[in-house]
Amino acid sequence: MPAAPTEAIERARRVRLMLFDVDGVLTDGRLWYSAQGEALKAFSARDGHGMKLLAAAGVRLALLSGRSSPAVALRAAELGIDLVLQGIADKRAAFDALLAQLALEPAAAGFMGDELVDLPVLRRCGFACAPGEAPELVRQHAHYVARAAAGGGAVREVCEFVLRAQGRLDGALEAYLQ
Amino acid sequence: MPAAPTEAIERARRVRLMLFDVDGVLTDGRLWYSAQGEALKAFSARDGHGMKLLAAAGVRLALLSGRSSPAVALRAAELGIDLVLQGIADKRAAFDALLAQLALEPAAAGFMGDELVDLPVLRRCGFACAPGEAPELVRQHAHYVARAAAGGGAVREVCEFVLRAQGRLDGALEAYLQ
Amino acid sequence: MPAAPTEAIERARRVRLMLFDVDGVLTDGRLWYSAQGEALKAFSARDGHGMKLLAAAGVRLALLSGRSSPAVALRAAELGIDLVLQGIADKRAAFDALLAQLALEPAAAGFMGDELVDLPVLRRCGFACAPGEAPELVRQHAHYVARAAAGGGAVREVCEFVLRAQGRLDGALEAYLQ
Amino acid sequence: MPAAPTEAIERARRVRLMLFDVDGVLTDGRLWYSAQGEALKAFSARDGHGMKLLAAAGVRLALLSGRSSPAVALRAAELGIDLVLQGIADKRAAFDALLAQLALEPAAAGFMGDELVDLPVLRRCGFACAPGEAPELVRQHAHYVARAAAGGGAVREVCEFVLRAQGRLDGALEAYLQ
């Protein structure tokens, strides 16, 4: 069940690492195929700005995807995301290994996913997020359900939510208001 | 006329083979042309997960398309669909031949289509489905009309409907809730 | 001002040649550029079926576009449209020349356009159509404004309107209901 | 805070140079990546017509983007825009330099942007515009917020607003009504 706002804020406050699924979260879930296989991914410029704000405030970012695509690696590199886990069949095992590697507790990790395969990580992490288009069964396990569409601002919304919960949104915006 | 819910459930319960049209069903009906001809197809990641759930529950999947595109063959291969009928001018004849080959009655076959050329198969199969954007004349002959958009979850919705009708949805989801 | 329904039907009844603009009519108006220039056009499969029904009923089809793209030529060829006028700076002159070539009066020609540059032809042809997204000034001069979106069924809607006005829609559909 | 209509009109009346951000203003903010990096930009044909009307009425046009893409340069060239500033990290400095180069006061310049990085220029220019999808913080600083979507008519709307404010819209349209 989606968390009461205060619970979601409390959970977001503890986040030191934020993971995002790719298809259906950083994109709208469309897979673009040419005669050579998957050819394109459509990311949101606004999501990119949000992730950069969050990283600048000291939260580590990671991508965790069941599929694998060079377009994702390029976009991640451009955004300065160095934790990119693609082609992951068992997301729970990858999540546990990443936490161990970074010496973090699950409560310090947030994850945004939209599918059944994301449930094991959504149920283990401290701050579980889903886009509004996710199946009901997935949304039930999210502490925060974004109003903006996946691939069209849902990730930006989560980044701003975490920044606000941590009292760092105003500071992040200040630089642009001088 | 769309079937009463109980009739649609009854029909979905008997499905052993589920066929899908491609353009306007597995995609939103947009045809992307470059200077070399048709260049891209946009599939839904959520539809893919739904088809994999349905196949894992023992229902055979097939694609039945009037057009022909290597992108479709690649996506089908990725999803483990080995019955791919493309470039089919006479869908009824292809449908009859497929049933004969698999030794199935029409009542054991479902089909989702969105166009006039799909009507002959929609009217013969046991469980006829259409996306909500299909023309009125097509929707009239569907036992189930999806609420989700074609290329954006309509196929996923049908897959879950069949799984639920066959009492296999909870089992399919259980693996993700452990 | 949009024509009263009966006037639009009367005008559609006389159509022997139907012309369509491309960008914003057969597409949603998005122009897709790569590093090599315009790279893709997105057509609607449903529009294609509609144009084939209209042509099968004996109405000539033509495309009339200010821009020029090999993707348009390929799509037109696939649909059997042999009157393709691209790169046309003066649409009125091209329209007049086409009518002369086919020995048709303006009242026998319909045109669907969405932009100011389409106004001269919209104001001369017998049956002027526009998508709902066209600017107010263009819609004012249309006898029929489509409800479906450009690139997502607006052309199909016009094709069916003309077929119905000419009493040929039922005949066109009958083949699919046997 | 969005300007009262009369203030926005007054500000638009003084515009001699109109600048547009690219991603999220001339496009819907989607970034299309292939295995080779950013591959496509989707522009609006209607925006293009609007920019051509504005330029024909004597207003200089410029693009001001933090990113850099050959697709943008090609589209700008096609529209006759010769002031194209891409890859600009400090938009304020680029804006000031452009004004100096053209010997214009800030009050004579309009700018449409959608992101935090656009705020410094939005706050300095005489006529600040934003698409409706821009974050609240950006919209607060706009004198005019477009109703049409970015990449789907927002720029056209601004161009027509400026033409109308300057009393030149009717003249611009007249040519199409002869």
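We call the chains A, B, C and D, going by the order they appear; numbering starts again at 1 in every chain.
As a convention for this text, a residue touches a chain if its C-beta (ideal position, glycine included) is under 8 Å from a C-beta of that chain, and two chains touch if they have at least 3 such contacts.
Keep in mind that this is a model prediction, so the values were computed, not measured.
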Would you mind naming the chains that touch chain C and likewise touch chain D? none
Distance in whole angstrom between the CA centres of chain A and chain C is 44
Between chain B and chain C, what's the gap in Å when you average each chain's C-alpha atoms? 31
What parts of chain C, by residue number, touch at least two of the other chains? 39-40
If you connect every pair of chains that touch, what shape comes out? Choose line, ring, star, complete or other. ring
Using the contact rule from the top, write out all pairs of chains that touch. A-B, A-D, B-C, C-D
Spell out the part of chain A that touches chain D in their complex, as residue ranges. 39-46, 48-49, 53, 69-72, 74-75, 151-153, 173, 176-178
Going by the contact rule set out above, which residues of chain B touch chain C in the complex? 23-24, 28-35, 37, 39-40, 67, 114-117, 119-120, 123, 133, 135, 137
